[in-house]
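There's a structure below that I have some questions on.
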Amino acid sequence: MTGAGALLIVDLAGTAVFALNGALTAIRAARLDIVGVLTLGMMTALGGGIIRDVIIDSLPPATFRDWRYLVVAAAGALVAFVLGRSLDRVGFAVDVLDAVGLSLFAVAGATKALGAGLGPLQAVILGAVTAVGGGTVRDVMIGRVPTVLTSGLYAVPALVGAAITVVGAEVGPGTGAGVWVVTSVGAAACFLIRLVGIRFDLNAPVPPGSPPA
Amino acid sequence: MTGAGALLIVDLAGTAVFALNGALTAIRAARLDIVGVLTLGMMTALGGGIIRDVIIDSLPPATFRDWRYLVVAAAGALVAFVLGRSLDRVGFAVDVLDAVGLSLFAVAGATKALGAGLGPLQAVILGAVTAVGGGTVRDVMIGRVPTVLTSGLYAVPALVGAAITVVGAEVGPGTGAGVWVVTSVGAAACFLIRLVGIRFDLNAPVPPGSPPA
Amino acid sequence: MTGAGALLIVDLAGTAVFALNGALTAIRAARLDIVGVLTLGMMTALGGGIIRDVIIDSLPPATFRDWRYLVVAAAGALVAFVLGRSLDRVGFAVDVLDAVGLSLFAVAGATKALGAGLGPLQAVILGAVTAVGGGTVRDVMIGRVPTVLTSGLYAVPALVGAAITVVGAEVGPGTGAGVWVVTSVGAAACFLIRLVGIRFDLNAPVPPGSPPA
């Protein structure tokens, strides 16, 4: 498989899990009807990629050039709507889906940024922006302070996953197999750090002199 | 009249009614001063079109290329500021203005998306995004969960209006008269569905197993 | 020094003070950890310029083409994180930093807009949008109604500063020295009006018939 094919699969998989996550969030946190659930699911799924494509000047965004993004996002949100109540009991699912989407979008965003000619530092940042973008849109829409601000280990794993991807792409062979390996390592690192953060409710240091929480 | 002329009129009319709506919302919901009223009116009026133009890569957005958009938006907001208290008593006005703007922007957005080369599915979605964009910006700014998430019949009429426009454009003659007819039917359908939704407070189905509201 | 050099310095200085301001806001208002402080600082510092560059079709935004923007924004936020508690006692600092950033971005935004070929009216508006953009992103992220809506003298000084810049550029010589003079006068006017507004808690007129606050 070519690098472009791998990238598309990663991007669509991230879209699907963020659609599930956004739709489940709509069901749990905001108790919306089917239109609200689909809308929030699609915003969560597509928000990060649209921001990324605007910044790298790849317009119209992939979302509006390739119909599969819209269909995958709508299908993911619809599945969540139908299964919502049963999945709801598995409360951990929302967090895990978010962590999977974060990981896939961090590596896909960094890879696309490099392909668009951005420097390594910028590609790492843009990978993280892509990863946290959809969830940030989701949280702002339902009036929550975004996870990227409140959870120390949300932006950090995205930055790590994107950094591994960028380093791998700079020093690696850039062939199909190499892309898969680098993408997998970067995504796995992001996913594991995020899960550790959720499991142990870890946060980064607070400002010097802050009162205890 | 040419199709382009028709499109401009529809776009400016939508801008004017959303400016009135956003400014009245600022007066009613947030009790802002004249700068706040003008700002929220202009954001509501121009937000959807700017998002649309970014996505179809028509930059700078029409808002910043054609001075009439800025002037119409500012004038609409100013009228609302001056008349605000009297119009306020006609509480229905805010909802009707929003429905008119939704209808005009759904057809204008879908038409511009087709003109920019987007596929039919994408044009329908982008028409709806254009229609709900300004109101969503307005709601986020004043800390409300956006209407597009909470009201089942807000995105749906926009999608219907945009779909009629796209189907009409694909099968229709595309001449000036044809454009007017298709635009009018699409906008009227959107407006009527939205009004029915407001009048009967209709919502779409909730997730299976949800507790009654 | 050339006009382009002056513009870059003004833009980076505005980035630095908005990073400080956003990070201090994160410490004071939202009590975030280091990642949240850095993220909010960088969003505040870079938000206005990214919006400006999208609208004038200068993509990728300067933020992602010139590494100094990312480094200056991160450094500013980091300084605020380290010094946060001591600066905190100087509560006025947050407002003054915001006023400085507002002034620098109003003139930088208007200058860039003219350079991109926008008309004078549009350049004034876009200068103000650049100036208020970062603070608006900051406020939306932490769930506050943005200052641009609630404080009468926030958009107004930005518009005045941008207007002086545009008039100066249209009638002035456009040489390095001339650019410095016009930029300085515009920024100083914006800064002074904003400070007067903060000091005396001035607001613009409220709608006719409004009850007293």
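Chains: A, B and C, in written order; residue numbering restarts at 1 for each.
In the analysis below, a contact is a pair of C-beta atoms (placed from the backbone, for glycine too) under 8 Å apart; a residue touches a chain by one contact, two chains touch by 3 or more.
None of these values were measured; they are calculated from a predicted model.
Annotation: the chain A:chain C pair of sequence copies touches via predominantly different residues, less than half of the used numbers being shared. In the CA-based superposition of chain A onto chain B, the rotation angle is 120 degrees, rounded to steps of 5. A straight line joining the Cα centres of chain A and chain C is 29 Å long. Annotation for chain C: residues 54, 59, 140, 143 touch two or more other chains.
Across the interface of their complex, chain A is touched by residues 54-57, 59, 116, 118-119, 121-122, 125-126, 136, 140, 143-146, 148-156, 203-210, 213 of chain B. Residues 26-27, 30-37, 39-40, 50, 54, 59-61, 64-65, 67, 70, 81-82, 84-86, 140-143 of chain C are the ones touching chain A in the complex.
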